[in-house]
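Consider the two complexes below, in which chain A is the common component and chain B and chain C are the respective partners.
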Partner chain A sequence: MLLEINDIHVHYGKIAALKGVSVEVDEGEIVTLIGANGAGKTTILKTISGLRPLSTGRILFDGRDISSMPGHKRVLAGIGQAPEGRGIFPGMTVTDNLLMGAYARKGDFSKDLQEAFDLFPRLAERKDQMGGTMSGGEQQMLAIGRALMAKPKVLLLDEPSMGLAPMLVQQIFSIIEEINRRGTTVLLVEQNANQALRLAHRAYVLETGSIVKSAPARELLDDPQVRAAYLGAGATD
Partner chain B sequence: MTMTTIKTAWTALADPVRAWWAGLGRLPRMGVYALLIFGALLLPNDQIGSFMSPYSDWQGLLFFPIGGYILLAIGLNVVVGQAGLLDLGYVAFFAVGAYSMAVLGKIYHWDFWEIIAVGIAVTALSGVILGAPTLRLRGDYLAIVTLGFGEIVRITAQNTAAIGGPNGMNGIPHPPNLTTWAFPSAQPFSALGLSGLTPFKYAELDSRPYYYLMVLAIVLAIIFSKRLANSRVGRAWAAIREDEDAAELMGVPTFKFKLAAFAIGASIGGLAGVLYSTQTVSIIPDDFPFILSATILAAVVLGGSGNIPGVMLGAFLIAWVPERIRFLAEYRVLIFGAVLVLMMILRPEGLLPSRMRKAEFAEGTGGMGSMGGEVSTSKKTVGAGE
Partner chain C sequence: MLHDFIVQFWPSTTDGLALGSIYALIALGYTMVYGVLRLINFAHSEIFMIGTFASLGVINLMGISTPLGGIALVGTLALLIVVSGTVSGASAVALEYIAYRPLRRKGASRLAALISAIGASLFLQQLFARILIPWWFGLPKEKGALPIQGRFVQREDLLTLGSFVIRSDKLIILVAAVVMMVVLDQFVVRTKLGRGIRATAQDPETAVLMGVNIDRIVSATFAIGGAMAGVAAALYMLRFEETNYFVGFLLGIKAFTAAVLGGIGNLRGALVGGLALGLIEMYGASIFGTQWQNVVAFVVLVLVLMFRPTGILGESLQKARA
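Presenting the complex of A and B:
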């Protein structure tokens, strides 16, 4: 198991955001977490990447307990994240944003830059533009490209489809598939359950801080409860 | 409208200069720097003084507040402009530096040059001590706590009998004379008003040798700060300023770098304190009020937070304008305040912002733009999300 989250509890002050969540991600998989607003999806990702402290529970990554490892060290361990709201550095150019992604690494990054530009030709066209002046879709591409610059073993994606036009959502999702095909494990948090379940191998359904269902993604697509709650009544295909 | 006219006029003036500067090679730039330093050395001239400051002693003014504010602004710029940490208690470090000079010089009779080195180290340490517990906070929470620390340092000085309590300390020694050599009374020196000046003799009456010391300190602070900005440390600071969580996700040890910014900013403030203290001979706790922190912050913001020429210009204006408009008597503070308000309406990003800072400003992030209501419990942060 590459990433194993074991019965974690996370609190914001006295409010429990996660009440004993366990998630497993195997090497090479795409796993998705779906759930409504406020269910705790983002908190799970933040806890994995070290932006939020655990109250109890353990996070194992690559066989090591990383529960108390500071966030910046988890990057070196192999956890990359494109955060909620994209987290682009607005005053840096596209190239500088990408290079920030490789901050923890040493050496020459021209090859990695080229790889990111191959994956996202749009970024190559805008490589000298300030990150803050890009459109939402371009920023999302930049956030994913930047996370990949750290050569992560697992890529955490927090709502990559948020605020994007349907066409762009399609594009982003096919790129995620491509990234996974090239060997990076993906943990995807999504509100767009329909798209996420089509892409992922396995899925977890999160409700107010607890996992209520976990199954292969295809099965959940046909699950009447899931369909009613997350896919909308009209989702027939 | 006139406001827009002024705005466009300023842009029309500033942009070609920026472009010209960007196109300049290394050697011509060095030449420009040398010319600027040379110009700074000629500033304490009576003719310049009679225009710049007809109501007060120009040479004294050049040392402090003008030179002092500029040095402090460069130091605060490391914290606010580069790392994006809003520090409202910066005067604390100025005070620590000044008191280091007073205590080590007067009580322990240390040599001035030793005190400079030790004073910088002591203030850097005080930066770490004040920063370690506070830098887990963000935005306005950090600002409030730093404000508290500024007051704590002043009030501690006020209540510590060993360092003079409310009466402060006097008889602080001047630096030893390096040489009593004087400029000869011949051309071209007499034309420049330098005849008879002893630039390395630190006496009571002549402010000019202290001013030269201040210029040296400013030049060193600029070089140091500039080199940092272009290094890995500077990139980490920029990332923290623009998005602290994202910076951590890039593998930047954010807490460590914030602490470093605090310590480096503090040490520059401490240097200013040492110089101030040795020149003025006597200091009292009330020389280090909150309003001085606010004034230096105003200089940084007015000039263009993050950009060294900008913050220097801001500090110069903040120090000089109130002296220049002394003829307005009690109205001068009113006018000065109105000018500041006007400036913030016309150029909220500062007089000379950096290109990066402009982009951040448009996005509403970057240092003081990102004063979100965020507190962190341990070293981790509470985000806005779930």
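Presenting the complex of A and C:
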């Protein structure tokens, strides 16, 4: 297992946001995490990245217990994240935002920059534009491109399709597939369950801080409960 | 009144620019720390005070008997800048480590940090007035609050064009301040550490996701801001040749005013705000009399807060290009 989350509890003050969550992600997989608003999806990703401390449980990455490793060191260990809301540095250029992605690494990044620009030609056209003035879709590309600059072993994506037009959602999802094909493991949090379940190998369903289902993604597409709760009545295959 | 203003226009201008340069350098520390931590570091004025004593120590150690001019003066000033910059920078890092970091670790409110800042400020003043100054200069304890002189500058006119006179010390101060500002600006725009500082100011949580060690960025910010206050302290000693335990108080408030005037959190704003405040004060003094100099400065602060709370340049370290 590349990433193993073992019965973690996470609290905001006295309120429990995660009540014993276990998730496993194997090397090369795309695993998706679906669930309603407030279920705790973002909290899981923040805890993996070390932004939230866990009360009990542990997180193993690459065979090591990283439960108490400071957040900035987890990036170097191989955990990259494009956070919810994209987290673009508004007053930094597209190029500087991308360079921030490589902050933990040493050396020359011109080749990595070029790769990011190849993956997202739109970013190349706008490399001197301020991040804060980019459109939502462009910011999402920038967030993903930036996370890749760290050369992560696992890429955590928090609702990459949020607020994007259907065309752009398609594009983002096919880029995620491409990133995975090139060898990066992906843990994908999505509201857009239909798309996410088509893309992922395996899936977990989260409800108010607990995992209620885990199965191969295709199976959940046909699961009546999941269809009713997350795919909407009119969802078709 | 208007006549005085016209007659004193050039002297007021050069005085204002020299004073404003010192404000600007101190303002950098307020602005950078505010940008990264959203904290008004009230003890920054004492970081400046410590810098003046570092310069004074060097002047005393060198045992300068005749006032210096020309190359000797510039060389001495360079030494003072290096020593005061280092001492103030190190003091600022220590201050953060002792007075702010433990609170930050515990997730204390900003008000708690502000109170800690005021406490640290008073502590450092009293430490100098009651213990360090008497011990260092062999004074009785109750004399520790008196100003202490360190004469080393030969005042000479560098350039005279009609009523336009620039004294060498004022020119040096302006040039040194502008050079430091440009170097710092380029540092923040171009280097990796500078990018880390900007990223932390704009979005600390995402900065961690990029692998930024926030503690290290905070230390670097205090080191740089403190070092700039130390440079200001060396220039202040060049200009006034004396200091006391309380020297940072008024200058600190003025520099804070300059930071707000330029737009707090904005590096270039510190330069603009500092020079503007220096000029406004000196022009105000020439019109209303020098006893009104501080009144003019603080009326400016109140007016800025009332009508343009984001300052002249407005955008901050969070959003600015630099």
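One rule holds for everything that comes next: the second predicted complex is superposed on the first by the 237 of 237 C-alpha atoms of A that agree within 3 Å, B and C clash if a C-alpha of one lies under 4 Å from a C-alpha of the other, contacts with A are read in each partner's own complex, and residues count from 1 in each chain.
Just so we're on the same page, contacts are C-beta pairs under 8 Å (C-beta built on N, C-alpha and C of every residue); 3 or more make two chains touch, one makes a residue touch a chain.
Quick caveat, the model's predicted, so the values are computed rather than measured.
Enquirer: Since both structures carry chain A, what do chain B and chain C do when superposed there: clash or fit?
Expert: Verdict on chain A: clash between chain B and chain C.
Enquirer: Going by the touch definition up top, name the partner, chain B or chain C, that contacts more of chain A.
Expert: For chain A, the partner with the higher number of touched residues is B.
Enquirer: A:Ala104 contacts which: chain B (first), chain C (second), both, neither?
Expert: Both: A:Ala104 reaches chain B and chain C.
Enquirer: Could you look at A:Ala215 and tell me whether it touches chain B, chain C, both or neither (first, second, both, neither)?
Expert: neither
Enquirer: Of the two partner chains, chain B (first) and chain C (second), which one does A:His72 touch, if any: first, second, both, or neither?
Expert: both
Enquirer: Does any part of chain A touch chain B in one structure and chain C in the other, and if so which residues?
Expert: 49-51, 70-73, 75-76, 80-81, 83, 87, 89-92, 96, 100-101, 103-105, 130, 132, 146-147, 150
Enquirer: How about chain A: which of its residues touch chain B in the complex?
Expert: Against chain B, the touching part of chain A is residues 12-13, 17, 37-43, 46, 49-53, 70-73, 75-76, 80-81, 83-84, 87-92, 96, 100-101, 103-105, 130-133, 146-147, 150.
Enquirer: Under the touch definition given earlier, write down the residues of chain B that touch chain A in their complex.
Expert: 232, 235-236, 238-239, 242-243, 245-254, 355-360, 362-363, 365-366, 377-383, 385-386
Enquirer: In the complex, go through chain A and note every residue touching chain C.
Expert: Counting only chain A, the residues touching chain C are 49-51, 70-73, 75-76, 80-81, 83, 87, 89-92, 96, 99-101, 103-105, 130, 132, 146-147, 150.
Enquirer: Under the touch definition given earlier, write down the residues of chain C that touch chain A in their complex.
Expert: 192, 195-196, 198-199, 202-203, 205-214, 315, 317-321
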